[in-house]
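Structures incoming, each one as structure tokens.
Across the two complexes that follow, chain A remains constant while its partner is chain B and subsequently chain C.
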Partner chain A sequence: MSSGQWIEACEVDDIEVEDVIRFDHEDRTFAIYRTEKGDFFASDGYCTHEKFHLSNGLVMGNVIECPKHNGRFDIATGQAKRAPVCVDLKTYPVKIEADKVYIQI
Partner chain B sequence: MAIVVQKRDYSITGPENKRAQEKGLATAEWYTSPIPRAKMKELMKRRNGPAIRDTIIWFGGLAILGYLAFLSWGTWWAIPAFLAYGILYATPGDSRWHECGHGTAFKTPWMNEVIYQIASFMVLRSATPWRWSHARHHTDTIIVGRDPEIITERPPVWRILLMQIFHLYGGPVEIKRFILHTFGKLEAQEKEYIPESQHNKTFWEARVYMLIILAIIGACVYAGSILPAMFIFLPSFFGGIVVITFGVTQHLGLYEDVLDHRLNSRTIYMNPILRFLYWNMNYHTEHHMFPMVPYHALAKLHAEMKDDCPAARPGLWAALKEVVTALRKQKHDPAYVVVKPLPSTARPYMYGIEHDLNIKVEA
Partner chain C sequence: MKDYGMVIVGAGEAGARAAVELRTQGWTGAITMIGNERWHPYERPPLSKHQLYEAGEPAPTTILGSDRLNEHNIGLLTSDAAVRINRQAHNVELVSGIQVPYERLLLATGANPRKLSVQGNAAEEMLYLRTFADAIRIREQLQPGKRVAVIGGGFIGLEVAASAVTKGCEVTLVEVAPRILMRGVPEQIAVMVEERHRAAGVKFKIGVMIESVDKEVSGEYVISLADGTTVNCDVIITGIGAIPEMTLAVTSELEVDNGVKVSELLVTSDPDIFAAGDCCSFPHPLYGGKRIRLEAWRNAQDQGTHVAGNMLGAAVPYSALPWFWSDQYDQTLQVAGLSETTDTTVERDLGEAGKLFFHVATDGRLVSVSGMGPSGGIAKEFRLAEMLIEKQVRPELAALSDPSRRLKELLRA
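So, the complex of A and B:
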């Protein structure tokens, strides 16, 4: 987790329920998730196994599956859940204000 | 004028590995056909139903054919009976190993894992090493020096292909690896793609495999017959013909060292029986481009992207003819590849690098 500045990432409605989008900020890239329950989460954009962006992956409940090798992470904690991912994903705090999604990086 | 062919080193621990990295072919960004996100989400959706149904049919079929084979033992009928049993053992063994390895066959993760472990033993592939080998195959599909699953190099080694009809090349290689793993060792190439955190798991899986194999040998000694091994272990050899037939059609005869699966993978139309055995891996271009789409949705994915792809082969026979013709040409001209025109609706091919024909022409 980080304790840096809050950055506006997108509007709430930019992300469908149980989906993920890409958010690029300066030279960094992130994945912003919206779960079936309506919770929002954020993580580094690239899979920790190889450099493939998770925004093309599949959100299933609280899990994101990498589009290239089907490795899985827990969206809320970043914990690696299925090979070939072995290294946890870095996650970031998220807050919603006035229908906008902010992440703290 | 003489054509001098530079023989390439296909091992993943050799100089071609470095060369691929230098050329930007390793862990590169690959071409993907444009499919709307909403459609993609629908195609990626996981279900348990189709895989449970197919698994019941598979094991049910094995029980019936196994019983018939048992009754035929000692007669000439045993030959076709065990051949049929072996094909139903090894062919879905291979495709279930593959799809459950991706974790897409079932929605429920443990179901994928159980069938993956069973099928891995059935086709004599170490579960954990092959999971990593296959991940590399998807990262660097048919990139020489990077992909450990290239069936044969160019010029083709026919001996390997012919031996694989009865799994006589890959089978002994795998058994040697089981023994190595049992004693806590890995081959040099395995160290290239299996992370250290997975080594212990590899060794313990091999020990379990060896115990099963020893139990089968014990059962044969006790029964005074090879009959027990005819049901478990040996079918991966005598039932291998369809596995290699499907296997050679996936990539052989097509491009190496490109970043577009439309150039190096082959999609083939097949009848429902073959598709059941193969779990729809005849849609091979589609599978490689979007590996998170489960087998039961590949026909729909094909319909979505076919306007962006070269025409599919009309059948297995046509694909085999294409492969054999290409391999025969590659014997004398290793640079030969089957070039497939794209429809007018398609985006251009993404070669990735200036294509190196790898041939020196001397005056």
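So, the complex of A and C:
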């Protein structure tokens, strides 16, 4: 467990406003979000219900909706917001430097 | 009075969601679920998909295991069936002889496969798929090299065909109608689905009646078709639709109409008895109160969750958009809303990500959308399309067909 390591995930402009992309690092998958207000967040890439890519989901405000069964999470806190998801999503700190998005894993 | 709890007949998708939601919404009395299968409530969609072909010991995908039943203090009686509702006495009688008193009762009894009535000595040997037990029986038959006939080109038949061919079987699908997916899916998508199946090696016999199903002394089955040809095979799996399970409603003289008849509050003709999921027909407010019955996972889940509130007195109409998905090979297919043959269909081509078809009613309202593409590819656009339908928008057709025009913008307009 090398925790606290910052890694470069993508460019700011790789993510559309109010959207999410998938970022793979080594054998892990993350989801990186950009909200309408311009905030960036990061979480585990898979839904906690079944192993499904959240990056295919829809971002609305601060909520990501899983495309598989429409479970929802708060993207800032990872909190499970709507059934069938009941396990919170793990989130990661994000920083922006020189138009690049870094996440701490 | 404390004994008069909430009672749910049918421990499936809708019943399980209702049980949890009753607790979540603060009901502190007893909650009892009665299920005639031997398992805890489980998901049916995997039964026709990976559970038919994946290696390893198959197990049902449990919705409510012992932990969560205990956590929510929900009682579950398995392998026992409700046989009678005594509406005056407010109780349900079970096969085992137990009488369970209810304050409010939910019927969440699902549906049963429609049986194909056909001539021949093997008509009773065809396999059907609804339960985990059925899936195990079919799974055992799907051995590499076996010749499998699937009767019915609806979702379940097609998913079984995909699973069987994935397993290495030789598959022939027989459909009586002029094309597959006649119910609720536009022809454009049916064509894409059929092409995908043909590419995987599935053979089709379409638009032809079945005359008889016989078993030869060799053990081989012979399906004789009206065009004079036969399909010779080792196993026959039939998926020609489902019939709502409403025996209890009929015997206790509740109103029925293509299912247990409920109002938009999901209440039956008895104010203390509710119904949800595949077993009930309900009026849909988004479609002018048209009475519909769905056989769809999300509807069962949403109605189960919704009805709990109304059982506790909320009186909120149910209006969730009908939605269905199917996975076949690497493709996912989705349908939302209800369409009529008079609708105008507009195609939105997302390239590699798949295609959406919007269905616009004669009054200009977007009423339905269907789509197909690689898993995940169409998800975002599809979800936005659903929201457009829910908002009852009358979109400009040119904007729908142009993938460079963002659907989110239409939603904001």
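Definition applied: the second predicted complex is superposed on the first by the 102 of 105 C-alpha atoms of A that agree within 3 Å, B and C clash if a C-alpha of one lies under 4 Å from a C-alpha of the other, contacts with A are read in each partner's own complex, and residues count from 1 in each chain.
Definition applied: a contact is a pair of C-beta atoms (placed from the backbone, for glycine too) under 8 Å apart; a residue touches a chain by one contact, two chains touch by 3 or more.
For clarity, every value in this text was computed on a predicted model and none was experimentally measured.
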item: Clash or fit, chain B versus chain C on superposed chain A; value: clash
item: Contacts of A:A83 with chain B and chain C, given as first, second, both or neither; value: both
item: Contacts of A:P67 with chain B and chain C, given as first, second, both or neither; value: both
item: Chain B versus chain C, judged by how many residues of chain A each one touches; value: B
item: First, second, both or neither for A:K51, with chain B first and chain C second; value: first
item: Chain B and chain C footprints on chain A, overlapping residues; value: 56-58, 65, 67, 69-70, 83-84
item: Parts of chain A lying in touch with chain B, wherever the complex brings them together; value: 19, 49-51, 56-58, 60, 65-70, 72, 82-84, 86
item: Complex contacts: residues of chain B adjacent to chain A; value: 27, 37, 40-41, 44, 46, 102-104, 109, 128, 131-132, 135, 138-139, 195, 197-198, 290-292
item: Complex contact set, residues of chain C against chain A; value: 17, 298, 301, 305, 376-377, 379-380, 382-384, 408
item: Residue ranges of chain A touching chain C (in the complex, touch as defined); value: 18, 52-53, 56-58, 65, 67, 69-70, 83-84
